[in-house]
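Each of the two complexes below includes subunit A, the first together with subunit B, the second together with subunit C.
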Partner chain A sequence: MNITYSLIGVIGTLVVAFIVSLLLPGIERKFIHARIQQRVGPPITSPGVMAPLKFFFKQTIDPNSPMPKLYNALPLISLIVVLILLVILIPEMYFLGAFASVIAIIGFLKVEEIMYMFMGSLSKSVLSVRMPFPDMAKGAKHPETPRTFVEELSALRAFRLIAFGSFPIYIALFVSVAVTGSIYLSDIVAYQQQNGPILFTVAGILGAVVFFIGYMILLNEYPFAILKTKADVIEGPYLEYAAKYRSYVYLTRGFLMFVLASLFATLFLGIAPNILNPSFIITLVVALLFPMLMAVMSAFSPIFTYKQFYPTVAAVSILGVLAIVAAFL
Partner chain B sequence: MDDDKEKQTVIEAEIPMGTVHPAALEPYRVRLFVEDEIVRDAEITVGVNHRGVERIMEGLPVEKANSLTEKICGICSNSHIWNSCLVAEKALDIEVPERAQYIRIIMEEMERLHSHFLYLAHGNEVLGHETFAMRLFYIRETVMDLLGMIGGNRVQYGAPILGGVRPRCELDDKRIQKLKDGMDLMEERLAAFADRFVSDPMVMSRITDVGVISQKDALRLACTGPTLRATGVESDLRTEMKEYDPFEFDVITQDGGDVKAQLLTRVFENLESIKIIRQAIRDLPDGPITNRSWEMKDTPLTKSYIEVPRGTLYHSYALEDGRVRHCVIRTPSMANIGAMQHACIGHHITDAQLSIVQCDPCFTCTDRAIQIIKI
Partner chain C sequence: MILPIGPIHPGLKEPLRLKLKTQGEKVISAQIDYGYVHRGIERVMQGKTWQKAIYLSERVCGICSYIHTQTFAETFEKIAGEQVPLRAQYLRVLTNELDRIQSHLLANSTYFKALEHETLFMYMLALREPVMDAIELLTGNRVNMGWNVVGGVRMDAQESHLKSIMEIITDLEKEYPRYVEMFDQGPLLGLRSKDVGKMSREDAIKARAVGPIGRASGIKHDWREDHPTYHDHLDFETIWRKDGDNYARTMNRFDEITVSIDLIKQVIENIPPGDVRKKVDILAGYADWRNEAPRGEVSYMIETNGNLIQNISIRTPSIMNIDACAKYMLQDVATVADAVATYASVDPCIACTERVVIVDESGKKKDVEGIHNLELS
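So, the complex of A and B:
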């Protein structure tokens, strides 16, 4: 009975998460971006449901990559990593011990981030192809200069994101650890059920702000979208994904939006995602609120270059450190 | 010595962008030579959309040739046909009725309005601020509708003809009232946008001291139009055009020569254009709008320069048996290409497109009109 109950909990949560995550990009674009920009916007199902569905039936075009199979496999690996992230958040999986801990979550998020680096470095799109004239002709400017691809540039940026950009979200994860004194999700949830949500403490409020900025950076959303800037690297690591592989990219992003919101609900509200728990509705509300807030922020800001990105990340990281200090006080 | 200097410039990699790139509205090619994402040198190549309009115009009857010039550019179509008409009118001594001159000015200034709004919207889109871009397109709709109302078409309105303007473009009381209302609405919305724009710290951080073109460089690189005025040079051909004599307006200049100065120059120029249109509506003289009493004759090469939204536009041709000969057209973007390349240098690669866009390029019309000379 217990096993059946747990299975229903895990599978049911995954199914609901999947359905909600399909609608999140549509909600973001239709109800927030379009309303702010005084336009009709796309149908709510268009970005999250219909676009991936359409891409599934498109002809697959082989990418211009040194390792095309690996390149094409990366979005699927990303999707699996995000799925695992959600699975370990579900209380029924807390028996996994160290796998259901903040350290494991950080590890899986790092894998997700590293994927962008691989994607970028394995892609060589036609957009950066050199022309025989005038690039290499006699009299051309700097004819011997080695050429680089816009995707390689995005891989370099992904590296910087791993090294620096993702500080806020990892610091925010440790706010809960500092408050509860445990890295295990089960302890963090149990602590909040006894003492109330961490969100309603000074450390929690600061941590939530830092987590939200980290959430936007991890999702490469404006203004922090340094990986896929239309002005230079365009789609960046995703540039050459076509057909079902692009579909996986869309599905992963929607799912990551839901998973990160669930992570916030777990760490800052003490509500782990479980369909059999009535408070799962709060997880859904958080999952809806986060993309909405993100859409409002992105609609009112230009895209950042390093000049704005580094100081912002540094300031938010300092705020995160203050949150941890406040947790100890 | 020069070789030694060149060797000292460290260029790690080249990033070719285009001829097709999502950030570029038109087909052109940029080669960015970078060192750790900082642009050390840049090269812009145009010519991929060459249609040889000048060659097609050769041998056409002048009226047909004039109509063809309108197809050079979708944004400043009126400027081309107006300047082309001015060449023939100057050559054939055709006197244009005063009322027609006023209507031509109204159309030209409305074109400046919509061109500058498009420029501002595109600039914001490249900045990544889609909301501002959408807002500007929304404000622009008013002028597009007014152009459609007068010319019968929102883009290619073809108002000027030899000796005046088309009968379709006559302004009756109803149209004049709509123009007045439209100007009031646009002025109010533009002022509100400008307030919001300059008070946004994130936007200001992105555009201040980015893509800087100094006054000295702007003059050295022979920049023209608002691109030159944004560096502090008071240069506007409208002050020398007799068609603009009845109107009072200020030549807008900005200091700095950065993206902020370029964008603000266009914002304030739009307010000046609204001022000119209001004066034209207020003082619109009565009378005919076309002078048909002129005779065709052979003429030598005649030149005409006018100030269009992007700068100085040059048209010249001779007439032989009523047909166009030796046609040459030079669009303002041609003069600004040097500045675009220069503006990218020393800035982050993400700002490269912005540095190019700040000069308001219209490469497609440059390509169409450019004359290929065999060496």
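So, the complex of A and C:
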């Protein structure tokens, strides 16, 4: 009975999470971006449901990549990593011990980030390949000058983001560790059920702000979308994905939005995602609220270059450190 | 490393190749390659009457098409030694300024798109729509208006049209400062625009930068100052700045919209009654004429035998401004994203530019491939 109950809990949560995550990009674009920009916007199901569905039935085109199979596999790997992240947040999976801990979450998030670097470095898009440089059509003007690709630039940016861009969210994760004194999710949830949500403490408020900025950076949302700037690297790591592989990219992003919101609810509100628990409604509210807030911020921001990115991350990281200090006081 | 951007790239409105010499993310220098568009408009104009050629002149540029027909017509009027009726002159100013507003709004929206500020990009386009409606109301078309003829304008404007245009302009005047403030006061947009893509006054003179681009670097000159209608009948102030960065170029265009709104109001309030067209006898001869297009100086040099065009040369502003961008603005730019934004801030128009005439001093014949090897820096 217990195993059946747990299975229903895990599978049910995954299914509901998946359905909600399909609608999140549509909510972000239809209700926030379009309203702010005084336009009608796409149907709510268009970005998250219909677009991935459409791409599943498109013809697959081999990417221009030195390792096309690995390149095509990366979005699926990302989706699996995000799926695992949600699974370990569900209380029924806390028996996994160290796998259901903040350290494991950081590890999985890091894997998800590294994927962008692989994607960027493995993509040699048509935009650069078909117009070789030195320019054969117009005469070689730069002999012995190495050529680079726009995706390689995005890989370079992904590398920088791995190095410093994810500081805020990791620091925010450790706020709950500092408050509860444990890295295990089970302990963090249990502590908050006894003592109330961490969010309603000084450390929690500061941590929530830092978490939210980290959430935006991890989702590569404006103004932190330098990885896939349309003005220069176009879509960066995603540029060469076609058909079902592009569909995986869309699904992963929507799912990551839900998973990160669930992570926030778990660490700062003590509400782990579980369909069988009535408080799951709060997880859904957080999952809706985060993209909406993010959309408002992104609608009024230009993209940050590193000149703006570094000081922002530094300032937010300092705020995160203050939150940890406040947790010990 | 060399990072090629274009000729087909979402950051570029029209085909052109930016070759950015990069060191990591930093852009050390840049080269710009032309030659992806071949139209030969001037060659097609040769041997045609003005009635046929004026339609071609309108198609030199898809954004600021109006000023080309006006300059074309005024060049012929100069050859004939005629001046068009005052009402026609006022109507030309009215259309020219409406066209300038829509062009500047489009240019700034493109710049905001390059900064990836999608909201301000949308707002600019939303502001532009009523102006396009006003142009349609006045001339019957939105882009290729067919409004100018040698000797005046094609048809008169009704009072109701002028009243509607006044309403549109008054609404624009009310709404518009809010969006300017979003750019001017917005700290994030300021961070992306100030001190980026700087060009000094000396460099702007060397590159022969014109229009809002040259004026943003301290060259206080606007060809409207020398135009008889503006000079004799309208109050007009030249907008200029000294900073020479992306911010100055964008703000120059914003402020010029304010000047255009003021000019349109003056025109509608003071437009005299009378004819809008007079018969002009075209004489054989040569003349040149300059006007201030939204992007800067546009000049026409025409030689006619009194019936057909024998020679015509058109110089559009973008060629100088793109050159200035490659040589001076795209030096030591912090990131590739800033380089693309700087390029967008120049408001380049490749359709205008791609009519370069190469004068070969050695006397050897230049073929089409020879044009491909042309480099600007």
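Just so we're on the same page, the second predicted complex is superposed on the first by the 315 of 329 C-alpha atoms of A that agree within 3 Å, B and C clash if a C-alpha of one lies under 4 Å from a C-alpha of the other, contacts with A are read in each partner's own complex, and residues count from 1 in each chain.
Going forward, a contact is a pair of C-beta atoms (placed from the backbone, for glycine too) under 8 Å apart; a residue touches a chain by one contact, two chains touch by 3 or more.
Since the model is a prediction, treat every value here as computed from it, not as a measurement.
Peer 1: With the two structures overlaid on subunit A, would subunit B and subunit C clash, or do they fit side by side?
Peer 2: Clash.
Peer 1: Let me test your reading of the model: by the given contact rule, A:Thr305 touches which partner, first (subunit B), second (subunit C), both or neither?
Peer 2: Both subunit B and subunit C are touched by A:Thr305.
Peer 1: Contact-wise, after the overlay, does A:Leu109 reach subunit B, subunit C, both or neither (first, second, both, neither)?
Peer 2: A:Leu109 sits against neither subunit B nor subunit C.
Peer 1: Pick one for A:Gln37: touches subunit B only (first), subunit C only (second), both, or neither.
Peer 2: It touches subunit B and subunit C both.
Peer 1: By the touch definition at the top of the document, which applies to A:Val20: first (subunit B), second (subunit C), both, or neither?
Peer 2: A:Val20: touches no partner chain.
Peer 1: Identify the partner contact of A:Val210: answer first if only subunit B is touched, second if only subunit C is, both if each is, neither if none is.
Peer 2: In the superposition, A:Val210 touches no partner, neither subunit B nor subunit C.
Peer 1: Let me check the overlay on chain A: which residues of subunit A are in contact with subunit B and also with subunit C?
Peer 2: Subunit A residues touching both partners: 33, 36-39, 127-128, 131, 135, 141-142, 145-148, 150, 153, 156, 222-223, 225-226, 229-232, 234, 299-308.
Peer 1: Show me the residue ranges of subunit A that touch subunit C in the complex, using the header's touch definition.
Peer 2: 33, 36-39, 127-128, 131, 133, 135, 137-139, 141-142, 145-148, 150, 153, 156-157, 222-223, 225-226, 229-234, 299-308
Peer 1: Mind pulling up the subunit B residues that touch subunit A in the complex?
Peer 2: Touch list, subunit B to subunit A: 11-17, 20-23, 29, 31, 33-34, 37, 41, 43, 45, 124-131, 134-135, 138, 202-203, 205-206, 348-354.
Peer 1: State the interface residues of subunit A toward subunit B in the complex, per the touch definition above.
Peer 2: 33, 36-39, 127-131, 134-135, 141-142, 145-150, 153, 156, 222-223, 225-226, 229-232, 234, 299-308
Peer 1: Give every residue of subunit C touching subunit A within the complex, in rising order.
Peer 2: 1-5, 7-11, 17, 19, 22, 24-25, 31, 33, 35, 112-119, 122-123, 126, 186, 188-189, 191-192, 334-341, 344, 372-373, 375
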